Each structure stands twice: as structure tokens, then as C-alpha cells.
Amino acid sequence: MNRRLILVDPHPRTLDLIFDPDTRGRFDALGELVIHEGEPMPDELVDKHLDEAVLIIGQTAMPTERLQRARKLRAIINVETNFLPNIDYEYCLREGIHVLAPGSAFAPAVAEAALAMAIDLVRGIRAADRDFRAGREEYGLAGNRGSFMFTGAPVGLIGFGDLGQHFRRLIVPFRNPVRAYDPWLSDQFLRSHDVEPSSLEEVLATSRIVLAFAGVTADNQGFLDRRAFDVMQPGSAFLLMSRAAIVDFPELVRQATTGRLKVAIDVFPEEPVASDDPIRSVEGILLSAYRTGGMPEALFEIGRQTVGDAEPILRGLAPVSCRRAQRETVARMRSKPISMT
Amino acid sequence: MNRRLILVDPHPRTLDLIFDPDTRGRFDALGELVIHEGEPMPDELVDKHLDEAVLIIGQTAMPTERLQRARKLRAIINVETNFLPNIDYEYCLREGIHVLAPGSAFAPAVAEAALAMAIDLVRGIRAADRDFRAGREEYGLAGNRGSFMFTGAPVGLIGFGDLGQHFRRLIVPFRNPVRAYDPWLSDQFLRSHDVEPSSLEEVLATSRIVLAFAGVTADNQGFLDRRAFDVMQPGSAFLLMSRAAIVDFPELVRQATTGRLKVAIDVFPEEPVASDDPIRSVEGILLSAYRTGGMPEALFEIGRQTVGDAEPILRGLAPVSCRRAQRETVARMRSKPISMT
Amino acid sequence: MNRRLILVDPHPRTLDLIFDPDTRGRFDALGELVIHEGEPMPDELVDKHLDEAVLIIGQTAMPTERLQRARKLRAIINVETNFLPNIDYEYCLREGIHVLAPGSAFAPAVAEAALAMAIDLVRGIRAADRDFRAGREEYGLAGNRGSFMFTGAPVGLIGFGDLGQHFRRLIVPFRNPVRAYDPWLSDQFLRSHDVEPSSLEEVLATSRIVLAFAGVTADNQGFLDRRAFDVMQPGSAFLLMSRAAIVDFPELVRQATTGRLKVAIDVFPEEPVASDDPIRSVEGILLSAYRTGGMPEALFEIGRQTVGDAEPILRGLAPVSCRRAQRETVARMRSKPISMT
Amino acid sequence: MNRRLILVDPHPRTLDLIFDPDTRGRFDALGELVIHEGEPMPDELVDKHLDEAVLIIGQTAMPTERLQRARKLRAIINVETNFLPNIDYEYCLREGIHVLAPGSAFAPAVAEAALAMAIDLVRGIRAADRDFRAGREEYGLAGNRGSFMFTGAPVGLIGFGDLGQHFRRLIVPFRNPVRAYDPWLSDQFLRSHDVEPSSLEEVLATSRIVLAFAGVTADNQGFLDRRAFDVMQPGSAFLLMSRAAIVDFPELVRQATTGRLKVAIDVFPEEPVASDDPIRSVEGILLSAYRTGGMPEALFEIGRQTVGDAEPILRGLAPVSCRRAQRETVARMRSKPISMT
């Protein structure tokens, strides 16, 4: 049997963080692993093994020239999970080299936190805790002024990829009417996932809770701006869960500061946020430091999907767990590389 | 057709708070209503109408002597929702007078808040917001030390009445193994509701998230004491949702203060809590001023169940929505009357 | 500790049929069992033990005079599962003697068979098998003339007790709009179980599949008559699952014979059906000889609910699994005793 | 704006069968349609329009030479739904021409019929109807000898594509343990769909109900043979729902004839089945003439997915509803073209 060489270049992730012991065992059994951690794999190491590599696990720069040499290469699995401009995607798609990312790995962690935050906003949970500490709590009905039930309230999703889909499944028992706006998905697809396809304006105007799960693309930077927020009903909740670049961030902060919207934010234009940023004292925002996804369990799921797809690929079968790079979308994504896990 | 006289004595609730307009219309059509709000119905008013009354809506004191005179009475519907020692229950049960309470009305409001609080505790959401405001937030994985996923974590329910049952339905999509301890319910019943019947010790020892939904009875005051909490795994979450009297309250505060348990509390031994009570500054407790149930929607559900059962009772049919007073349990309950809505 | 004497008088059932080995073990541990099988317990045996009996398991005749002597009696659990006129119910209800029946035991067996029969009717499954054997099958689309999808079709339930409720749960994934007619249940109750409360006429006129799960009462004999069936849309399906006496049986057969309705029948006015009854050759009826409920698993569930409630009753707690005899309904039921298991 | 020419070559399907009126309206608005029905589009018509066509809807032969000329072509949507050897798939995949098939359109129709058939087999519904007509029915428990409950019984799925996935969703309320064998799918994928990944032998040995939903490939013809069936427990049910070629058909018939297995068959080696084929009189087989999928609603879903994906493709977006031809699988499929709808 022929040698199966696998380049493992996971930086900024590390193998310990993405593999639980069982999955690491399966990973080690995939073939002959050439591993480099702690920094991107040095060029000389890549170049030395490129013509033998059947898989690349990581974010190795793969311009056309390298791909042309990698004649045994069957797949690149990006464990950072964003498709970045580090690869000649067109070449890979032409040549049948899968470019994959286990992007759904974060969905359970993000969705459960998003649900807790959504209920927190509409039921005033954190705010009531703060009032209690300040000695100004009110009990029972009096303590619930301005609150409304999450159960049954109209929910709007902006972006219906892995995160939106998982969130939708979590809220089934709450019987919310759910609308979704996602210009990349057909009405047919949205309806088959139990959401009502809607324009952005419909989502904003009719939902009492709006969650932004959209990635940032060439077309949608700052599209959630003052006009968009003003369409929302006063007292409604807006949760920014995916990418800060899709909103007019100062305007979102203003909506929270004036009390017009109840707001939760997990992603910021610059991270870490400046120590003197006034956002730190805005009471109307539930602040989360890019924490909703970064759970150990989510990282282990990256590993499981990676091995789960590497195994069939090496047997000549198609991958089924990871998301594939697609011609239509990969060129439009504007994700920044992560700077920390 | 004969006159249908109905005594309406809802204090401490008011009709405006428990009836939405549609339900109020149906309520008004039930018969001839004698309404007294703002205080308990005066004795002379009760006595004047007692022999004609077919229904009592409220918490009118109904000792044997009054019941003996109320020969047309078919049902008493307690809209405060706790069975108090204001009625000769045995007499009612003998004579076929239903004593009812729409106790499940609060379940959706309490359960959704309990879920948000449970996820908040295990994911550190409020604590992270506090750290962010203090300028000591950490991002991503580093910010999640000590957190764990709610999804899939073992959940334990102490008490499996309306609140526990509703909570169990809400968490189906999270795929938790769920144990319940409820000495009033058979294993058969618990299993048919998708929870594993367990001893108190099993629930405490194996669950990472424990929710106390039990009412207070003659037998269970303070049963969740130091020994009980010490059985729980360090870093686990405990949520006190139903009655303060079932726990050793100072011990629960101590477990939170030392950081051994993550704690949320919605009910306190005395309400309002004293302004200088040190609990107000314990960071390890998510504080909620008896707010989880008291939502306008929950109160309207009281009205809907009241009318929903009053209508069939007046047609000679059995009630199906409210909870019935039962010989075995009514004598054991030790609920205090509510002092505020 | 005092002696716990239990009269066990299960005829026409037998203990072997209602108890699996584990449950039998728990049953035997309940107390001192006086068992008589194969026929109703002889009077002298009943009379000998009556004043000591704490439980009766079975259908022992219990007129007032016997009940007065049974001063330790706490509950009667009817394992035949229909409330028959063999007991002074009013006496029991006054004195706090539970009269129980594990009536929901049959629901899973009946509901799954009813679902298969409903899909069979609308998709023509049995009819197509018959045509295939006769050499006149048609393939693909041509073979589906007159068929329609069960998925998404309007479903109507007549009677929404244990059977209807279980059936409703089974069909959740099919996303049918579901209406129910049940004059004993409030709209509030029906809506909380995800069915639209409707008049009988609405159910019949709007549903493509109607299932009769209603018991027979003093008021409803033959209420599904020619006028009722004529309200149904031609080509719709009607399934008689509960009691033959609620329909005008000859008219139902006529509707099937003419092909106006697709029909399934599990219960007949006389059982066994006469050997020369013309119904045996009506092709438009799916014939089932009272088979949908009588599964070994259903009978074992009778035993599990019996012991599941007997245990807490003997500890002074309330039963939670069996159905209770109620003043309003027990006097109206017109079930015949079963003549065979 | 440029002209959008679309070749419509749906034979053996017709547009009337795959488009409901609304979808037909959206289809007509896609661009300039060149439609040919009733036979494959004549070569001269294809050749005349090929260099302008942006979409092909149908099964037009598209060898390399034609594809090279179709320089504006963005997608081929096969409305017959099987990927046949009529296309140079490799060329399409290299050049970014989507080759799509709305294969999941049949899943709801097949899955609901399969469920009815599965319950029919294990509960003996059709067999009992036959016995009733023959005057040899038995009532109640006696009539259920050899039957078992579908609810809770171990279910095994052979093949876990669209059909298997839809079936799995339908049976959630029945709480079956479900195993699946599908060599093209990773364990990771199967577990995320709530089935236990298993070897073929495990599926056969442990399941009481086995459903074959697998397509036929270069590798699996006749893989369900005598050895496979003999692994199954006597009295279990086997349903052949997808392709006759995956089983040793005479052996399957033999297993039914001897009564060792309960069998349902929807697909046959030759269709129509010969008029004197002895299978027509085997009582142990529920016979279905390729009827489970061919419902009008399923065909309309082909149209909805076709338009649902054509619209975004023409806006430069990726398709999301149809299944895509993949290098790894398309070369291995051995579907026969359908000869009838």
C-alpha cells in the first residue's frame, strides 16, 4: 500500500485543543503525519512534502504554484474554519481537491448562549440582578415592567447558516413564529427549515427579537444601519452574534444607550475593546467578549468533523460533515483570520 | 332558566390583571357576577349570596359552616393559585364541589427564565458582562474557563409538577439526560414524561445543573441542606425557583460565596430582602426578585384556565385545565399566601 | 406494621397477561394478596376479606352495602379499564376511595395501528396489494389515482381522550393541521394539546382524514349518521377506532360500499361478526377484528400503571398514572364489558 | 440586460406534472424558455441553442463536445432525478457547471408509505383484513399472535440518504432505537442525525424492522443475499423501498414464502412484473407497484426545487435545495432511467 502523507499545519489552533483523546487516536491513524504547531508551517517543510501530501489539515498558504505541485492532494481541511484568501480555490474546485471547513462546530455553543442572552434581554434578567445589587429591585409583576415573554414572541434571524439553523432547532418548544432573511438561500430552502422567508425590512419590523448570525461579505458591510434599527419596534431585542462588520456599530450602541433597543453583543470591531471605550458602561448592552463560540467542546467538534471527513476522503468517498468551499461564496467572504482561539 | 350567581373575590389579584379582553367577555357571560376587589369580600356580602352561588372565583374563606349553606355551589376556583387552609377541603371533596387552581399558568414564564438562568450560570454570561464592565474581560477560549456547555449536560429536577414538566419540554432540543426526584410521583409517571426517576442523592450527585421546583410541604422544609449541597459536584449549578423554605438558605448562600456552586435564586425567606442583606453583594448568585413567574401573560393564563373550566362545570361537565385539590396533598402543603402579585 | 390485604379479582383478565415478570414482583410485594382468576371472585371470598381489604384490583361488584363494610379500602383499580355500573361511585368519591382505570394503556397500540390504517387508506396500500394479486396493478403515478398524501392533510379527531392525544403526538412530524371535536373538553384544553377546537360539522367538513376515538355515552349513540358522513368530502377517509355504537353502522358501510368514503373499522356492533355478514366482502373497508389495542405490550402497561399507582396509594400519596372515575362522566359512560381480551 | 436562454428537455417527465401553477409562473419568468416535451429534445434543437443556453432543465445528453460549446451554461438540473451516464460530469465539475437533481422530492411520499407498510407488517394489518374476508378472523389478543409493536422496536436503515433521513424524522415519536448502515457516510454524520452507525451485520442482526433505502452502485448489487437475510431474527420485517438490484430477489421472495420474514416490496427486477409471476400469490409479501414515490405532490416538489435553485443560480448564487453530482459518487451509481413516471 502506498504512503499517505498528511501535512498538519493547524496554527493558530493546536492539536491538543481540537482533538479529544479518541479522535486524536483516529487522527494519528490516518497516515504519516507531518506536524508543525505554534506558527504557520515553514515554507521549506511545506515544500519538502508537498508532492507526497494527500491531505492538508490547516491553513497552509496554497497558491496556484504549490497546488500544481501537490499532485496527490485530495483535500484541504481548514481547522480555523473561515475560508480565507490563502488558497487558489478555483484551482482546487477544478481539480477535485476538496476545500473544507468544519464551520458548524461552533453552532451548539453559540446557539445556546444566544438563546440565554435573548431570554435575558426580553425578561430583564441581568438588569434585575444589577438592580438587586443596587438595592432597587422590585418584586413580582412590578419587577417585570418592560419585559415580555420569549415564548411565542416573533423571532427574526438575519443569516440562516449553521448558527441560525441550530438556533431555530433549539427554540422549537417555544413556538415562536420565525422569519429569516438570507439573500444566499432560496425561499424553498428556508421553508423546508421551518422559517418564513422574508425581506430584511419584514424581519426587522415584525420581530420582537432579532439575531444577527450573518457572515460578512463583500456586499453586506454595515448593512444594519440606523435606518434598519429604526424599523424595529421600540423595546425589541437585537443580538449581534456573528461579525461586527455587518452593523453600523456606533449606531447600534446609540440604540442601546437611548434605551430604544435591548442589545447583546458578542463581537466587536476591534478586539480587545479599548480599556476606555464608553461601551463598557452602557447598561443597555449585554456584553460578551467573543465568548459564545469558544468552548472546549466546540473545538473538539472541529477535530471530530475533520477526522470524520478525512477518513472517507482517503477511502475515495465524499466528505459529508464539513462545509465545502464554493465558487459563488468563497470569493465574497470577508472574514478576518482569528487572532486568538 | 335558573339564575347563576357567581361570587368573585379575587383579592390579592384583580380582574384586570387576570383577564385579557376576550376572556373577560366570556367571564362576564358566565352568569350574574357579584364582584368585590381590593380586599377580601366582606362577610356580609358573602353571607348574603352564599345560598345562591354556583361558583366562587377567588380565595373566600369557606369553613364547613359556610359550605353547608352553599347548597348550589359546584366549584371554587382559587385564582391566587396556592391551596391555602381557607377551605374545608374534605367537605368539598365529599360533596363533589371542585376546588381548583390554575397553577400551571406560571409554568411557561418560570421555565423560560429558569432555562436562561441555567445557561447563564454554566456559560458565565452575567459574570462575563460584569468582568467586561470592570475592564478585565478575556476573549474566546480564555474567557470560558470554568464554563461548560448546557447542551448535553446532566440535568436534575427536584420536584416534577407543572414547572418541572414544562422545563423538561423546553430542553428537549438540548438532549440532556434528565433525572427527577419527586416523592409524590411514581416512577411510572416520571418515565412517561422522559425523566429518569431518581433518589435525591442521585439527582444531586450526578447532575451538573440542579433546579429546585418543589413546593414546600409539612415534610420537606429545609431538606436541601449542607449535606445535600456537598453531594453536588464542585462547579455545578443550583437554581432555586419555587420556595425558599425548602433549602437551608444560609448554607446555599455560603456555597455560592465560596464559589463551590454557581447559584441562581428567585425566592427568598423574607421578601423584600433587607436592604443591608449581605446576599446583595455575593457575586456567585444570580439574583432575581421573585420575577420569573409574575408576567402579565402568566396572569392572563390564570383567567383563561378559570373561564376554560368554569364553562364546562356550569354545563355539568368536569374541569380539565386547572389543578384539583386532592385529599392526599392539600393537607401537606405549606404555601404562604402571596403578599404581592 | 399492619396487615395490608389486597383483593385481586381481575376476570376477564388474568395476572399473567397484565404483569411482566418485574411488575409481577412489585405487585406481589404490595401486601397479602387474595387472588381469584378465571371467573369473578365468589361472593363468599369477597365477603370474607372485605373488612380488611385496603385495595381491590379488578371488577368486583361493589354496591353501597359492600363499600360500607370495606372501611379500610383506599382504592379500586379496574384492570378491565372501562368504568362499568358495578360500583357505587358516588359513595367512593364521597369517602375518598379512589376508583381508577389504567385506560391509557392501550393508546400506543391503538394509535400506531390507526396511523398505519390512515396512511393505508389515503395512499391505497392494501387496495394496491389486492390489485397486484389480481394482475391489474398499475405502476408509479398511474397507480396512485385517487390517492393523496397523509403528510400535511387536514386531520380531524372525534374524541380527544387518551387515544386521540397519543395519536396527535405520533403525527407531529407529518405537520397536519389537526381539528378535534370533544364536547367534554374545553377549548383551552384542546389548544394546549395543539389541536384546533371545532364543532363536529367543522371537523367533518374540513378534514380529509377523520378518526373516531370517542367513547359511547348516554348522549352520543349513533351521532355519526348519514347527515354527518354526507358532510365529509368525497374520497376522504373515516376510521372507526373506539366504539361501534357511536355510528349509524349500516350507513357507514354504505358510504364505503358506494366508494364515497375510504373506511377502516376496528369495532363492530356484534363481535364476532356473523360469518355471512356482507361487510366481509366490501372492498372499500379495511377490516380489523378489534385488534388495534389487544397487544401483549398494552396489557403489560395495565399492570405497570396498576402497580405504579398502588404503591403511592399505600404510602398515603395520590395516584398519578391511572384515570380516575369522575362524577360528571362515570354516570354517562355506556361501555359494554369486554367479552374477550 | 442579456438574454437568458434556457433549454427545457424534461422527458420522460412533462412540465404539467412537475409544476404547480405558482411554480410554473416563476419558471416561465426565469428567462427565454426553449421547451420540448414528449421525447428527448432533438439534436438540431439542442445544437441550435447550445451556445446561448445558461441553464438546461432535463436530461439532455451532454457529452464533452457539447459542453465545450455551451460556454454560458451554469447548471443542468436533472428533473428525472437520477444521475445517469448522459453527461461528462468531470467536465462540468471542472468548469463550475452545477449538475443538480431534486432527489429529495420523493422522500415525504416514500417515507410515509414505508412507515405505514412497516407498521402493517409488524401488526399484521393487511393479513388480518384478508383473514376477515375469509371468515377466519380472530378478535383481540388472539388476533395478534405473531404481531409486535412498532413503537419502541429496533429499526435498521440500509442507506441513509434523503429517504432514510426523512423516515428517521417521521418515527421520532415512536422512540425506536435506530441503526443505520451506509458505507458512504461517516459515523460523525450518522450520529448527528440521531442514528447509530453500524455494520451491515449489526443492522440485520439487531433490528426487528429493516428498511432498504440504498441506491444501487457498482459495488452493492445483490449484497442483500441469503447470508444477509439469515442474520435477521425470524419474524422480523424487511422492506425493499429503493432498488431491486441491491437484493438477491429470489432469496427475498423465498424468505417471505417460508414465513421466515415479513416482507414489503415496492421495486421489482422487471416492471411490469410478469402476469404469471408466482410472487403475485405469496401471502407473506405486501406488494406495491413502484407506487410509494409517484405522487403528484412529489412531482410538484421536483418543480419547486428546480425553480428554487434556478433562481439563485441565475443571480450568481449557489444552489441549496437540489442534490449535486459529486465526483466520488456519480461514477458509481447504477440507476436505470425510469421508463414511466
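Just so it is clear, A, B, C and D label the chains in written order, and each chain counts residues from 1 on its own.
The working rule: a residue touches a chain if its C-beta (ideal position, glycine included) is under 8 Å from a C-beta of that chain, and two chains touch if they have at least 3 such contacts.
Just so it is clear, the model here is predicted, and its values are computed rather than measured.
Q: Could you tell me which chains are in contact with chain A and with chain D alike?
A: The common neighbours do not exist; no chain touches both.
Q: Indicate whether more than half of the residue numbers at the chain A-chain B interface occur in both copies; give same if so and different if not.
A: same
Q: Measure off the straight-line distance from the CA centroid of chain A to the CA centroid of chain B, and report it in whole Å.
A: Going by mean C-alpha positions, chain A sits 38 Å from chain B.
Q: On a C-alpha centroid basis, what's the spacing between chain B and chain D, in Å?
A: Distance between chain centres: 51 Å.
Q: Which positions of chain D touch chain A when the two form their complex?
A: It is residues 93-96, 183-189, 192, 304-305, 307-309, 311-312, 316-321, 326-329 of chain D that touch chain A.
Q: In the complex of these two chains, what residues of chain D are touching chain C?
A: 17, 108-109, 112-113, 115-117, 119-120, 123-126, 128-129, 131-133, 135, 137-144, 147-151, 169-174, 271-273, 275, 280-281, 286-297, 299, 338, 340-341
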